[in-house]
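Next, two complexes with chain A in common: one pairs it with chain B, the other with chain C.
The block that comes next holds the complex of A and B.
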């Protein structure tokens, strides 16, 4: 008399094995997908922080005067911009030990229609301290300039809109 | 053939089978939810919210300035070369129109003055 129970046990064993392997594969692959989404989110937070800082700096303190940002650009006040930007960017309730670095450049339109730029401000002490692998984000703000007399490269003498570009990263 | 075994073992295997199918589906759901989170974060990053807010505030701030056509040329040229976006600002006597398009997002606004 032939016993065929063993065949059933073998088939059940194979089916169970496939199930376990497939489930384990799915679970392991979910945990590896998570990492790229995470870096995007921290970039996004940094970018939003930068836009917010520039927006806050571009609010006039009273109705009649220029915003602090416009004042810094028109006076070519590198130090004032640096202090204000870093104070706002690192202002948080927990007083975390975080160090934000930036480099700010201003783009403007020349009379012939081409775009040129001049370096405006940076977080200071950068020569020799850059690794070349800074993980940076770019934030921008348009600045309305009404007085070009103190700006070092010759901008056209008229009211104009320039673009302030800030590259910022955590050190 | 004489039944030498009782059938309890079959029930245990069946329950194990059902539970592994449940874990299988739960794993698929977890997998999908992470993909959804990533796509949402990416589309939020891609949407030029700050650019459009900045453009509007600059247009309104310069609206009654002299040399308005030069200022609008500045905004258009800087948008095209630095922000990769086509911008057009035009006005009639009682309305102001802003058009913005960066290839992914387009934005149009008309304000009655």
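The block that comes next holds the complex of A and C.
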């Protein structure tokens, strides 16, 4: 004969079990643990590398010339900048193939005081090949420009400092 | 009428056999299962908190900064005022400790850090410009004959009690030869890594093109005027006391020997018989090198050059004898029979611009890009 007396105890047990499991899950799932999959170290290495490359490109090689970076910006030489940047960023002792891509824009000040930018250089073959989820690192450097005749958006004719911003990522 | 009383049924103790009821057991077992699942989840809390791999990258980054952005530091004097002695030209010249008197005794205790950068005496010197002598010099960082044991490097650039292994390499990008890497061979496991981009400042050179001069009697002088030299741009300046200087003698007359070489300030002295000193070397014969103070006639031809080691000027003239305005290297050439050649000689300045372009040419090589890689494991 089936009794109805103890069903409430069983339901109590199931409810208690569900409660304990749910609570434990909520507590455990709010803990964040750093595993090696985290990207903050590789980001730091990439940012240091990009900052080094721009700084070294901005040091004149002799005392009678402009730095290579100033020369590239003033002559609007996008291929020269691209080759120099990629060479300095990817060279290594083991000759591993480092696939670093970048996109560089220059911010300048317009006569009315607002800031505008123009695209300067990139690592080539960008159109249609970007997924939109590249993991980017941004490095910047101010470049001192004295001769603006060759630069295509009309910069003011004066000595000025423009901001070169380079976004880098590994493909 | 007294009939049968109905039996009171106790819900828990349905019979007196002493067993727990079935629904109590089911409830208890459901609770125990849930508790075991929850307890198993907590054991995952401590995964991944061992962080030695992150530590390798941090140590590699710190060593990269010390090498690429720090000129190094030594305690350049020993003894107590006023009786102290200089063991090196200044507090950044750890590669130029005077070897004759002080190297064996003081190098380990007085060198604090070995950095490769050029010291920023003037803030116009940009960071990341490394000195050639700190890389390649006799006591340079990458000296292939391994003047320094591996433990020495750990004290001077790694700074850790934990026994890290390391590998540091410098790769020149302008085609010039790269030094051998320092440290243990790179393993197959993952290592901490940092890559820095730097520039290397090479030695300057004076090329004497025309050695004929009327009635010079074989006397050739090269003057280092320190006031004039200090007018240069600091990042590209000549530092005679800290860098090698090279004087290329273009002596095309046959049968000429270097009879004597003296350094005058204005009192003259012969160079030392041991390093640091002034060497006579030959471009056509890289293995040839003779110390000029040997006292015997050394043959010269059109590919002979003098190499003045940086420690020589600093040891002899700075600062023990006080500051001097200029130094002159005075060379006397003779034929093999002892007579002086009449029309060989002249006086030149070790200076930036070609004052007389057909007579002498000054070469200040451009800064050379290089890649510095540090691996730690």
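To be clear about the criterion, the second predicted complex is superposed on the first by the 136 of 171 C-alpha atoms of A that agree within 3 Å, B and C clash if a C-alpha of one lies under 4 Å from a C-alpha of the other, contacts with A are read in each partner's own complex, and residues count from 1 in each chain.
By our rule, a residue touches a chain if its C-beta (ideal position, glycine included) is under 8 Å from a C-beta of that chain, and two chains touch if they have at least 3 such contacts.
What you see is a predicted model, and the numbers here were worked out from it, not measured in a lab.
After overlaying the two complexes on the shared chain, residue contacts for A:13 are found with chain C alone; chain B is out of touch. In the superposed model, A:157 lies in contact with neither chain B nor chain C. Using the contact criterion defined above for the overlaid structures, shared-chain residue A:107 touches chain B, although it does not reach chain C. Once the two complexes are overlaid on the shared chain, A:142 sits against chain B while remaining clear of chain C.
Of the two partner chains placed around the shared chain by superposition, chain B is the only one that A:165 touches, whereas chain C remains out of contact.
When the two complexes are overlaid on their common chain A, residue A:26 makes contact with chain B while staying clear of chain C. Judged by the touch definition given at the top, the superposed model places A:115 against chain B, while chain C stays out of reach.
Of the two partner chains placed by superposition, chain B and chain C are both touched by A:44. Looking at chain A, you'll find residues 5, 12, 16, 20, 23, 33-34, 36, 41, 44, 48, 55 touch chain B in one structure and chain C in the other. Residues 1, 3, 5, 12, 15-16, 19-20, 22-23, 26-27, 29-30, 33-34, 36-37, 40-41, 43-44, 47-48, 51, 55, 58, 107-109, 113, 115, 139-142, 144, 146, 156, 158-163, 165 of chain A touch chain B in their complex. The touching residues of chain C, counted against chain A in their complex, run 11, 21-24, 26-31, 33-35, 37-38, 41-42, 44-45, 47-49, 51, 53-54, 57, 61, 126-129, 169, 171, 173, 178, 181, 186, 193-199, 232-233, 235-236, 364, 366-367, 369, 371, 373. Listed in rising order, the residues of chain A touching chain C in the complex are 5-7, 9-10, 12-14, 16-18, 20-21, 23-25, 28, 31, 33-36, 41, 44-45, 48-49, 52-53, 55-56, 59-63, 87-89, 91-94.
By the touch rule above, chain B contacts chain A in their complex via residues 1, 5, 13, 16-17, 20-21, 23-24, 27-28, 30-31, 34-35, 37-38, 41-42, 44-45, 50-51, 53-55, 57-58, 61-62, 65-67, 70-71, 73-75, 77-78, 81-83.
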